[in-house]
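Residue numbering begins at 1 within each chain, and the chains themselves are lettered A, B and C in the order written.
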Amino acid sequence: MASWIPLWLHKLGSPPTFYRFAGALQPWAMALALLLGAIGLYGGLVLAPADYQQADAYRIIFIHVPSAWMSMFIYAVMGVASFVALVWRIKLAEVVAMESAPIGAAFTFITLVTGSLWGKPMWGTWWTWDARLTSELVLLFLFLGVIGLYHAFEDRRQGARAAAFLAIIGIINVPIVHFSVNWWNTLHQGSTVNVFGQSKISADMLWPLLTMTLATKFYYLASLFSRARTDLLALEGGKDWVRKIAEDEASR
Amino acid sequence: MNALQQFLAMGGYAAYVWPAYALFFAVLLADTLAPRLRRRRVLAELRARLARQSARQERKPLSTPASP
Amino acid sequence: MMNRPSLASACAAMLRRDLTLAWRRRGDIAMPVLYALIVTMLFPFALGPEDTLLQRIAGGVVLVTVLLAMLLALDAMFASDIEDGSLEQLVLAPQPLALMLGMKILAHWLATALPLIVIAPLMAAMLHLPGVVIPVLLLALVLATPLLSLLGAVLVALTAGTRRSGMLLALMLLPLCVPAVIFAAGAVAAAQQGLPWLAPVAWLAAALVLAVVLAPLACAAALRIALDA
């Protein structure tokens, strides 16, 4: 292990320490996510005025846009964790990368469905082959590919390393897909959709949006912690610290 | 009451807005519950394995004639 | 290890071995070709025989059919070598693994993609693609099929340690092959409309050069991950 990594970070990488650390933080992250989510949704659904062009349909953006940002953010986290997992072979990085994938897939799925629910009244179509939409769809397939590859292996850690490799290939692929679909749109003169219009977003709409973005970030943290804890229990099944947890929970 | 109805109507876009929000919460709820269920299963399996192991260890001394 | 053979002769031996093995299973080579012909034949029945409609979709249909036919054969790229353990020997061999895998990919491309390229004009003619476009279609195929073989090889190597699952391979390959399909079909469509088609072909060629350099290395790394227990 490289010497520049501070000792506390090194310690945090050990499964039992991380298990306790994540267990202590998880309820707080979830509480913050729920609180910020409640504030953001109240601001977005009740306080913010209706848009003069899109009326009330625009209120879908308070979940659509944060989900879209999360789908990319989680893919980036998964890519970085995959890189760390492959280069330094840290078990915790493998866990973080593999447990991020289902959450990322969930957010990508939400983005796609809420996007088409927004698009139908606004552009009159559920789906259009725009670069942004297509990239998001490709992102969903990448997440599903990572999850599928991870579960195809008998050995969990080997599966995690193979899937981490796929995640890194995918990170190179997304910009290429975006570029190629953009090029394809100019060729076919397809329906280019201006998602945000020309109007600048007003402050009444901006603060709920940003609050929701923060809420989804904390939700990701909470979900990741709870998934990583479960995964560590499954991975370290034979170790003493896990045995103790199993016995403690049975006696309760 | 009228204000609530107006809020729920979403200016005529209720059929798009509310399913979007319902899906958002349904997917995230499933995502929250999945690790909890898995955790329970993992620990139950582990306890079963430990029980089998300790049962085997108790049986071993019995097979030797010296044990009571 | 006495008298280590030179790198070039090792490459030639690998290529010869794989091509000989492929030739012994000639029936397997014919399968993707037959599949592509059958799929192409179904399109006129499904869409109706109007020339203009078939002409419009011909380029895309041929490309997607060739892609699917290659996907069908991709699964078998390393399968027999994993079964008889020769792939693990290759990993331990003194020759650079990436280069040897590159030869295997080349052999696989020669055995599966080349026959498909040869019958591509026939498929295009079945859909009434204008004759002047066929050279562009062939050029696009010559550039796009090795790209798919190289990308597919990386993914096949990643799944080497698992029980074979063709659906997973398709799921993983789909996002990667979208740009290749777009540019290849774009070149054909541009040629059909009388527009300049050099730009998409150049993009394909650039991607191919990049893949030729990087994919064997990635394939070797993936194989090391998937085989190490």
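As a convention for this text, contacts are C-beta pairs under 8 Å (C-beta built on N, C-alpha and C of every residue); 3 or more make two chains touch, one makes a residue touch a chain.
None of the values given here were measured: they were computed from a predicted structure.
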{"item": "Of all other chains, the one whose Cα centre sits farthest from chain C", "value": "B"}
{"item": "Chain closest to the middle [Cα centroid of all protein chains]", "value": "A"}
{"item": "Cα-centroid distance, chain A relative to chain C, in whole angstrom", "value": "33"}
{"item": "Interchain centroid distance [CA atoms averaged], chain A/chain B, Å", "value": "20"}
{"item": "Geometric centre distance via CA averages, chain C-chain B, whole Å", "value": "43"}
{"item": "Chain A residues within the chain C interface of the complex", "value": "86, 134, 138, 141-142, 144-145, 148-149, 152-155, 158, 161-162, 165-166, 169-170, 173, 176-177, 179-181, 183-184, 187-188"}
{"item": "Residue ranges of chain C touching chain A (in the complex, touch as defined)", "value": "154-155, 158-159, 161-163, 165, 168, 171-172, 174-176, 178-179, 182-183, 186, 189-190, 200, 203, 218, 221-222, 225-226, 228-229"}
{"item": "Touching residues (chain side chain B, partner chain A) in the complex", "value": "7, 10-13, 16-17, 19-21, 23-24, 27-28, 30-32, 34-36, 38-39, 42-43, 45-47, 49-50"}
{"item": "Chain A to chain B touching residues, read off their complex", "value": "45-46, 50, 55-57, 59-60, 63-64, 67, 102-103, 106, 109-110, 113-114, 117-118, 120-121, 219, 222-223, 226-227, 229-230, 233-234, 237, 242-243, 245-247, 249-250"}
